[in-house]
Each structure stands twice: as structure tokens, then as C-alpha cells.
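Presented sequentially are two complexes of chain A, the first with chain B as partner and the second with chain C.
Up next is the complex of A and B:
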């Protein structure tokens, strides 16, 4: 099957000196949207959410429920950032305040759910972990996702938020012909741009 | 279509599939009350792996090439990694494939990996508050990919393992990934491992959600009180059906095949199931394209025994027109084993169907008035050849798998 990258976005916190939360809030403000749920999200979900907003903001048929789009995330650290934050709430039995709102983000796939909720995507949502950004694995996994007969588009993203790194690279891969063919070479080229 | 050629379960109920299946069939449960365990502030009911037996069995494994792997330190392996390795070794006693062959792909499913190692001293905690939740000193084995790579190294397999972490449906996603990899011809065999161990981290989280039941869980029961957690490592070795003699081994009468699978999202809430069972219904609808409800022997539901989950599944199954199909849940035997659940419960259900048996739902007595399903409360024979495995998880994700017994 011939697949194409319809569009893509790359967000990266330019400096370790810039606080992660502040960086994400500034991107959110620049979008001019009103979505209060954003402020409840962990950084990983915020990153994915913002990239998906950039990809779909001008889509005229946006918010029409659809089952033919899959959201697939990839990263290195799973939810270790949220895990660390949650661990701090249970570390000491004398100062023990586990919060369900913090616990729910200790799963990397929550970001795919946040994007599905925002856009009414009823299709597949999945999350994969790898040691490093692996264009070959992303290419193969996205290709395979089209084996589901319903799937016509895959929103695929490398989303990393941990230990000083904040980066999301997201692309919309479709069966419909467009300029950029979906290939390992193109994934690497766009990612390293 | 991919064919099961070997499997194993390591749980509180035993260290082989036979031990586990026999225990379930004879009505046993791994659930026990634990007090002052894992530093959890409150008592909890769970199904825990016998760690002494695990260490004992692991120390007796005889894997000659292991000695040559300088990068592996046997002492440094975690419970999760030891259980996963033992599980693969046991599954391969049946499958008898060369695990080091480049045509073999390992697929690992876990929700929390070695998260119990995430403990911090005060200095690190202070640093976390200052620097946006980031720690500069991180225990390496906290990374899920490291556990997966370690297991693959143990078996000297040259391929980068695939690692799925998709909340409680991970075990189904790993099998769907195996199906896609094998059907595309990329590999001939897939070793699908599902593993999760319990810790204060996980227990406190489910306690904070008020999801844990103070009694052994009662899936689909009218006055159910929540879920119990469980530990397991489970493995299924799959072969590509097309290149595996049409799915039948020489001399084998029956083979279990995974014929379909779908993942769908509720697009509704990250921690609450959909009131219309949206994603679960859509996943079921997808796999029902190739089979009719009257061909299905049973549905092995997620059936966690939380009020919301079981109600959601009942709505989804009814919407898919399967009110009359027998439904069971294995959570009363194993608890909710998180990333292992999809693999473990698929194995038990496969063996039940090979045994022409529908297993009962331990803990179930009376269903709620608004539940139209046929919940199995005692063991029943069956002559049908399909079953469905359902799973749902945080993030609004749902999965359905369709299995077939080829005669």
C-alpha cells in the first residue's frame, strides 16, 4: 500500500533553562484555543495535544466523529515523568497523599486518549516504547496499522518528556496521495529538520 | 491468521499453563488478603507470585549460552525479568523453536515494568520540584525497553523487541502486533510476553481511585465492590498460519489461531468507561465482520468487577447483539494482572476451548437487574469453535480479539 505524509509538526522546548510547564503554556496561548482540560494534563499529554492541535486546527471537517483514524504514540521514557511526580506523593507513609488525578497519567497511552477525546476519534489508539527514536519501527508499525480494514489515516508521534527533554514530532499518514511519500528516509529527514 | 504453538503462565496459581488451567478448572483462586505487605499503608487482596519458588526455579534454569553474556548480571535481574525469562523458556518447551533465529520477533507487553524501583531520596525530591519533575539520576532498569532488551539478550535474539504499553489492553495489543508482523511476512514467529508485578506504586494508585475491593472480586455480580490486582508473566509463541502447514502441526488434531483483533477508543474520558460502551462496541463490531454470534462459544470479558467497567462491557456486548453468548471473567482467579491480563486470559480461554469447556466466573452469583447478558456461573461443555477476548483500559482504549479452534 502506498502511504503519504499529509502534514507534520515538530515542537521542541528550545532550552533546558525554559521551564517545561511554562513552555507548553506559551504554545497553548499562541494557539488561541479554549480547552480548560489542557491544564489538567501532564506534560507528555500536553505535548501531544498541542502538536495535534497544530495539525488539525485548519481542518474544515474537524470534530466530526470518525473511526477511520488511528493515533499511535512512540517514546523512550514511557510515563517516567508522571511516575516520578506520583511517586513523590506516596514515598513517605507519614506524608501520604496519592491522587487519582496524578495516577491516571502514569501510563504513556493517556496522551492518545486525550487526542481522541478532543477530536472524537473512535479509531485505534496505541503506544510503543523503544530505546531511541527508531524511524524503521515507526514506519513498520504505522504501515501495519492499515491492516485494520477501517483505518484510512494514522496520526503517529514520537513524544518525549523527561529529564530535560521536551519534544514531539507528529505526522498525519494517509492513503490519499499527497506530496511526501511515507518512507523511513522521509521520517528521518523531517525529524532531523 | 496466526497459530499458537506454545504458551506458559506464571501466576499465584502455578508456573505452567497446565498448573494454572487445572487450578482454575477446579475452582481455585490465587487471591489472598495481604497486610503490611509492600509497604502499603492499608491491607489489600491480591494474587501474588510465589517469589521463593520463582528464584528457586530461575536458579535451576540451565541455559548454557547465558554464561557467555557478559552484559547480563544474573543477580541484577528483577522479579519481572526473571518471571518473563522463565515463562518464555517454559512456552518454548512446547513450541521448540530456535529463539535466537532472526525470523523470531519478541513482543513485550507491560504497563509499569520495574516501577517499584522508582524510589527517591530527599535530595532528589527537592531537585524534582525545582526542575520540572525531571531527575538527572535515574535507575536504568526503570526504562521498559531495557527489560525487554535484557530478555531478548538472554535468548540471543538479534531483533529489536517491540514493546507495547497501552494500559490494561497491552496484552491484546501485543497479540495484534504479532498478527500484523507475521501476516505481513516480516517474521515467521512471534514470542508475545505479558508481565506486570505489583508494588506500593500500583496498589496505592488503584486505592486512590477507590477501585480495590475489600473482598475477593465478584465480576458482573449485582453488588460487586471493585477489583483485585494480580501478578503474572505469561507467554504465547505464535507462528504465521500460512507458512505453518495451514495451521496444523503434524499429528495435532486441534490448533488455536488468532484470526482477528481490533482496538478502538471511547473518545470520552481518560479514566471513566463510556456509558454507551462506545469503543468496546466498535471493537466487537469490527471482529464480528467474519463470524456470527451463534458461532461463538463464549466471550472472556475484561470483567474487572468494578461497577463501571462491567456495566460498560454489558452495554457493549448487548449493542453488538451478543446477549445470548455466554460471558465469563477470570479476574476472580487471577485478579487484574494489568499488562499480562490480555496474554494470560487468552491462554486460559484457548485451553478451555481446546478442552470443549466454558469456564465459570468465580465470585459471580446474581447479575444486576439491568444486565441482559448470559453470565457463566458454572462450568459448561461447548462444541463451538470461536471465542472472543475483551479488554478495556485507561485512556479510553478497548480491544477485542477473535480466536478460532481449527479441527
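Up next is the complex of A and C:
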């Protein structure tokens, strides 16, 4: 099956000196969005959310429910950043107050759910962990998603937020012909640009 | 009581990450859930943690939470009457 990258976005926090939360909030503000739930999300979900906003903000048919669109995420550090934040709330026996709001983000696939909820995507959602960015794995996994009879679009993203790194590379892959073919070479090219 | 209400609004904004709100945006009698602040079930759990952490109040009956979290004023009244911290 021939697949194409309809559009993509690549966001990177430009400096480890910039506080991750501040960086993400500044991108959110620049988009002029009104979605208070954003502030409750962990950084991983915020990254994925912002990239998806950039991809879909000008789509005239946005928010029309779609069952043919899958959301697939990939990264290296899973939800370790959120795990650490939650751990901090249960570390001290004398100050033991587990935070429910922190706990709900202690799974990396929550970001795919946040994007699906926001955009009314009712297709498959999944999340994969690998040692490093792996274009071949992304290519293979996205191709597999198209093997059912339902999926016509896949929103695929490498989303990493841990230890000073904040990066999201998100692409909308479709069966409909467009300028950029979906290939391992193209995925690497865009990622390394 | 007014002082407690103001403090409570600040705590709620902080703990629930209501980033775009200021204490003065929250009416004392507005519902916290549903049409008011639009809080959800995870927020309710966070409020229960806040009560225990900041005021030493431990809620064990979920139905009790429904009563207490009606509005900031109702919550402040409950804290005033039951606080251990």
C-alpha cells in the first residue's frame, strides 16, 4: 500500500535552560487555544497535544468524529517524567499524599488518549517504547495500522519528554496521494532536519 | 471566614492547575462541579487529598464529598467546623 505524509510538525524545546513547563505554556499561548485541561496534563501529553493542535488547527472538518483515524505514539522514556513526579508524592512516609492527578499520567499512552478525546478520534490508539528513535519501527507499525479495513489516516508521533529533552515529531499519514511519500528515508530526513 | 475562603481559592487554583483563573474569578457560591468551575472526578480526588494534607480532614464517605464540594463557601464552612490543622 502506498502511503503519504500529508503534513508534519517538529517541535523541540530550543534550550535545556528553558523550563519545560514554561516552554510548553508559551507554545500553548501562541496558538490562542482555550482548553483548560491542557494545564492538567503532564509534559508528554502537552507535547503531543500541541503538535496535534498545529496539525489540525486549520482543518475545516476538525472535530467531526472520525473512526478511521488512528493515533500511534513512540518514545524512549515512556512516562518516566510523570512517574518521577508521582513518586515524589509518596516518597516520604510522614508526608504521604499520593496525587491522583499525577497518577493518571503514569502511562505513556495517555497522550494518545488526550489527542483522541480532544479531536474526537475513535480509531485505534497505541504507544510503543524503543531504545532510540527508530524510523523503521515507526514505518512498520504505521503500515500495520492500515491493514484493517477501517483505518485511512494515522497520526504518528515520536514524543520524548525527559531529563531536559522535549521533542515531538508528529506526522499525519494517509492513503491519499500527496507530495511526501511515507518512507523510512523521509521519516529520518524530517526528524534530522 | 473570608480569609479562609480566599486561601481556599488560591489552594484550589494551585492544586488543580486552574492556570487561567484568579481567586476573584471564583464566586463563593458557584458550583465547583458541573456548570461552575467544570471540575472532574480526578479533581474531586485531589480536593480530598487537599483536605487531608492542608487541614487534617479525612473523608471516607464519597457521598460526603458530594455535599461538601457544592461550593467554596460550603467547603470553607466544613473546614472551619472540622479542621485538625
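Just so it is clear, the second predicted complex is superposed on the first by the 193 of 193 C-alpha atoms of A that agree within 3 Å, B and C clash if a C-alpha of one lies under 4 Å from a C-alpha of the other, contacts with A are read in each partner's own complex, and residues count from 1 in each chain.
The rule we apply is simple: contacts are C-beta pairs under 8 Å (C-beta built on N, C-alpha and C of every residue); 3 or more make two chains touch, one makes a residue touch a chain.
Keep in mind it's a predicted model, so treat the numbers as computed, not measured.
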Chain C versus chain B on the shared chain A, clash or fit after superposition: fit
Partner chain in contact with A:36 - chain B first, chain C second, else both or neither: second
First (chain B), second (chain C), both or neither touched by A:189: neither
First, second, both or neither for A:121, with chain B first and chain C second: first
Which superposed partner A:147 touches (first chain B, second chain C, both, neither): first
Touching partner for A:99 - first (chain B), second (chain C), both, neither: both
Which partner reaches more residues of chain A (counting touched residues only), chain B or chain C: B
Touched partner set for A:57, first chain B, second chain C, both or neither: neither
Superposition-derived minimum Cα distance between chain C and chain B (Å): 7
Chain C-contacting residues of chain A that also contact chain B: 98-100, 104
Touching residues (chain side chain C, partner chain A) in the complex: 15-20, 38, 42-43, 45-46, 49, 52-53
For the chain A and chain C complex, residues of the former touching the latter: 25, 36, 39-40, 97-101, 104
For the chain B and chain A complex, residues of the former touching the latter: 39, 41, 111-113, 115, 118-120, 125, 128, 131-136, 138, 142-146, 148-149, 160, 162-167, 173, 177, 180-181, 183-184, 186, 200-201, 204-209, 262-271, 278-279, 282, 286, 289, 393-397
Residues of chain A touching chain B in the complex: 19-21, 43, 65, 67, 70-71, 76-78, 80-88, 90-91, 93, 96, 98-100, 103-104, 106-110, 112-114, 116-117, 119-131, 134, 137, 140-141, 143-145, 147-150, 162-164
